[in-house]
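Two complexes are shown next, each including chain A; its partner changes from chain B in the first to chain C in the second.
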Partner chain A sequence: MSSLYHPTVARLTYRALLGRRRALILFSLPALLLLIAVAVRLLTSADDATADGILGGFAIATMVPLIGVIAGTGAIGPEIDDGSVLYLLAKPVKRSTIVITKLIVAIGVTAAFSAIPTLLAGFILNGNGHQIAIAYAVAAAVASVAYSAIFLLLGTVTRHAVVAGLVYALVWEALFGSLVSGARTLSVQQWALALAQKIGEGDLITSDVALPTAVVLLVSVTLAATWYAGSKLRSLTVAGEE
Partner chain B sequence: MPPETVPQQRADVIHNIGYRHYEGARLGRAYARRSLFSQSLRGAYGLGRSAKSKVGPMLMLAVMCLPAAIIVAVAVATQANKLPVEYTGYAIMLQAVIGLYTAAQAPQAVSRDLRFKTISLYFSRPIKTVDYVVAKFAALVSAIFFLTALPLLILYVGALLAKLDFAEQTKGFAQGLVSVALLSLLFAGLGLVLAAMTPRRGFGVAAVIAVLTISYGAVSTVQAIAWDQGSTDAISWLGLFSPITLVDGVQTAFLGATSAFPGEYGPSTGTGLVYLLVLLGLTAGSYGLLMRRYRKVGL
Partner chain C sequence: MTTIAIDNVSRWFGNVVAVNDVTMTIGPGVTGLLGPNGAGKSTLINMMGGFLAPSTGSVTLDGDPIWRNEQVYRRIGLVPEREGMYDFLTGREFVIANAELHGLPDPRAAARKALDTVEMDYAGSRKISTYSKGMRQRVKMASALVHEPSVLLLDEPFNGMDPRQRMQLMDLLRRMGDNGTTVLFSSHILEEVEQLASHIEVIVAGRHAASGDFRKIRRLMTDRPHRYLVRSSDDRALAAALIADPSTTGIQVDAGDGADGGLHIQAVDFTRFTELLPRVARDQGIRLLTVSPSDESLESVFSYLVAA
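And then the complex of A and B:
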């Protein structure tokens, strides 16, 4: 199945994502989460509600979408932006292979930078009481798959992918999600939380979406976004800066 | 006049390629600075740019104004005796939109000059580093101020139309204007410093929004925990660590605002002084950093 994964494309994407300053944001977010976790743990005792507050309110709601935006759009956006994607497209590699390879790298980076720190923070905060740490880590990992696919698609569709991605993550999920309950059904965060709800014991973690719906939506959104990104890349026009 | 018909051909010229000196008026440094300011300000709302780049800023301006219009309509229809939102609370309520606007427009003001190296062309004109920095800074401050003050103006006009108490509304409106002016200074400063670090627009956008949201997310999470633990003193000090809570703290201490902190435990006047100093310090610091950034123009 060499047609789905191209090691050279993967290496280039990986280096573009973790090279220099972009990596600074990617490293600073998890570091901040762990710092908060340690500080809170030192000041207070192990407490399920506190752990839920930090992991649900900060890690899943703020950190994972932001890492998803940076990694997802960063995997392809800058190349399209400066036109160097032409050199990649000129090589005898299938466009769908390029997209899938970039997606795999983006998922890997997002998951590594969001799920692992979430797990660690969970263990620091309450020693995985009620499976909270594992539940949120799984939610972070699942969310990073969907976020990467969506934001990679945005990277191929628009030059303003970062802004569009942030509008989705901040305005749609955070602002509309808190005002209009219907908007929550169409939010990656809630789909991932549905999974976390299943894993976590007790009723601390709640989601507005039922588990089967969440799984179906997650899978179909990821697949549809990947397919569409592939077909967008096939008819890509590299325009000048407006 | 085509080159062939230039009358007196000098004897020592081998080829006359028709070069002529500029003999018009030279408008000077102040004019260049003013032009840079007005171009940047127009650019921040997409004026003079492509139709596509007008969509974003105009949409955000509409999103900022729409709730104000609705609030006014409701207040007029129900003949309420006061507005349901404080003037000072409005910007805090819509901070996500202001953050997005700053993140989208700060890089557009500075990143492309760096990326396409037009910045060196600017400095081949009679402007100095200080002119460029002041013009860009002032333009972004004005743009954010317009974005945040316009909905307040809608609220104020609506309140007067609803025949609410004139003195009280005017005082609230003035307090709101001072608060959004401080907010504009702070956000523009932070946005420009982060955006000027990189020639990549996308990266600048991500950096600005990350600093604004992550710091707010972290602060409000820790504040909520402090609230659970009953340490109300900590709540009022924690607000120092993110831009929007900084503004919230200053206006709670000095501008009669109701704090958005958990349990409304905003800073007292003494603590508020620290907030104000930090806010002004950050603004001045951003200006200083920008001046340092543009001292040497290379990437």
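And then the complex of A and C:
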């Protein structure tokens, strides 16, 4: 058995993620994106600017971080909250294995519910003209990795992980990102867009961060968040009843 | 044979001292960890279960530190007090998952055996969310037993169980203790501890107040009178002879004969009284029908310790 991945931990995690009521949001946001894409396409003809607006403005800026919050915090937060994480921790399984397995599941769920619908929406909107569909789908997949790691960490440090995650996703990335240019450098969305910019043809997709910087930041934030979540779990103390 | 050693352990949360310089050794057999709510029982159990680091001192399992050492869980089975337990699984799926996490070679067989032990096999294919509190408690037990640990830690295991389930669990724990498993359970209910464990560790306000056989502990409390109920062939003659000795301080005579009658005797000198009673009866030609300590219950031990 690999020391980084435990199939039982993975099974428990994805069943918890897809079985709870919060899973409704996982399904409804991609459904909304596809619905918008179909409606736009029925009303107008294929248009690069519209496709860019919907994929960049809704899919990447709103849908991916929201799904990241739900999958990332949901992969561990509720178990810590209700104490069931004890059944994972009281086992001869390395805490880092538990965290990495949960991260892999969170990334898989986030990517499945964001990158695939983004790709489909892109093809519906302009038939992947200028590689827009593929560019945004790759951006969504890359952002899924970093968001999952960040929100998984949030799930281990605070009981209010969902709220904290929403504040980060909506206030920091969406609001500050559009008002303060410096904030954009520290934005997962911009790092992912740097990659999309490289893939997309023409200059429709733009990012405020240079590609090398973006890659370095993506990798280091993901690794640091995962490492820190593992060390939090290693010294997780149980809130006593007294 | 596995032993948990708690050595000069203190644990504080901010300014609050939850456990204060406790030293104790928990060996094979059933041990009751007794104390009022908020005394520090859960803090101690959490330290023994590796979910809390001692602020000072050490908690070890056969010499191995428990904190941040996941390998100790091969030997420890844990029954937490909290209810959270993957409600979306069936009882059987839950126990199998626990067996897989332990890396057992045949998780299904181990789970079947554990569910059999707690008599939950019949409900194994139902979702945990449909279980009663007693059923949840038994499935928790099965998940803790699935790898046949040599140490079993249970935090308030009888909470919410009905009397029949309580009896079953007590029988099971007693059997495990007799077979050499180290069983430690916490409780604030005296009769539970009294029925199950002769060896107790008493925690009051974070301090280790007493340790050992609770009947012996009672005997050490010499400044508190011992009460006995005695029935004999001639209660009044016996009473007259006993009160003449300074080891007794009071005797109440219940009217009636045989089972209705009786003497309530208050003795201050335990050793002397236990020698006096049979001697007086023999000398006076009185037959003793009943001699029972009427307050040597854990409750009186407990209220004494808490008040001290």
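In this section, the second predicted complex is superposed on the first by the 237 of 242 C-alpha atoms of A that agree within 3 Å, B and C clash if a C-alpha of one lies under 4 Å from a C-alpha of the other, contacts with A are read in each partner's own complex, and residues count from 1 in each chain.
Keep this in mind: a contact is a pair of C-beta atoms (placed from the backbone, for glycine too) under 8 Å apart; a residue touches a chain by one contact, two chains touch by 3 or more.
Owing to the predicted nature of the structure, the values given are computational and were not obtained by experimental measurement.
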Simultaneous placement of chain C and chain B on chain A, clash or fit: fit
With the two complexes superposed on chain A, say which partner A:R11 touches: chain B (first), chain C (second), both, or neither. second
Using the superposition on chain A described above, determine whether A:L175 touches chain B (first), chain C (second), both, or neither. first
Examine A:R184 and indicate which partner it touches, taking first as chain B and second as chain C; both and neither are also allowed. neither
What is the contact status of A:K102 with respect to chain B (first) and chain C (second): first, second, both, or neither? neither
In the overlaid three-chain picture, which partner chain does A:K91 touch, first (chain B) or second (chain C), both, or neither? second
Would you check which partner chain A:A161 touches, where first means chain B only, second means chain C only, and both and neither mean what they say? first
Applying the document's definition of touch, where does A:G83 land relative to chain B and chain C: first, second, both, or neither? second
Please indicate which partner A:G19 is in contact with in the superposed arrangement: first for chain B, second for chain C, both, or neither. second
Superposed on chain A, how close does chain B come to chain C by Cα atoms? Whole Å, please. 11
Once the two structures are superposed, pull the chain A residues common to the chain B and chain C interfaces. 81, 241-242
Which chain C residues qualify as touching chain A in the complex? 18, 37-40, 42-43, 46, 49-53, 68, 70-71, 73-74, 76, 78, 80-86, 88-89, 97-98, 100-103, 143
Of all residues in chain A, those that touch chain C in their complex: 1, 6-9, 11-12, 15-16, 19-20, 79, 81-84, 86-95, 234-238, 240-242
Touch list for chain A against partner chain B, complex: 21-22, 25, 29, 32, 36, 39-40, 43-44, 49-50, 53-54, 57-58, 61-63, 66, 69-70, 73-74, 77-78, 81, 160-163, 166-167, 170-171, 174-175, 241-242
With touch defined as at the start, can you tell me which chain B residues reach chain A in the complex? 49-50, 52-53, 56, 96-97, 99-100, 103-104, 112, 116, 197-198, 200-203, 205-207, 209-210, 213-214, 217-218, 220-222, 224-225, 228-229
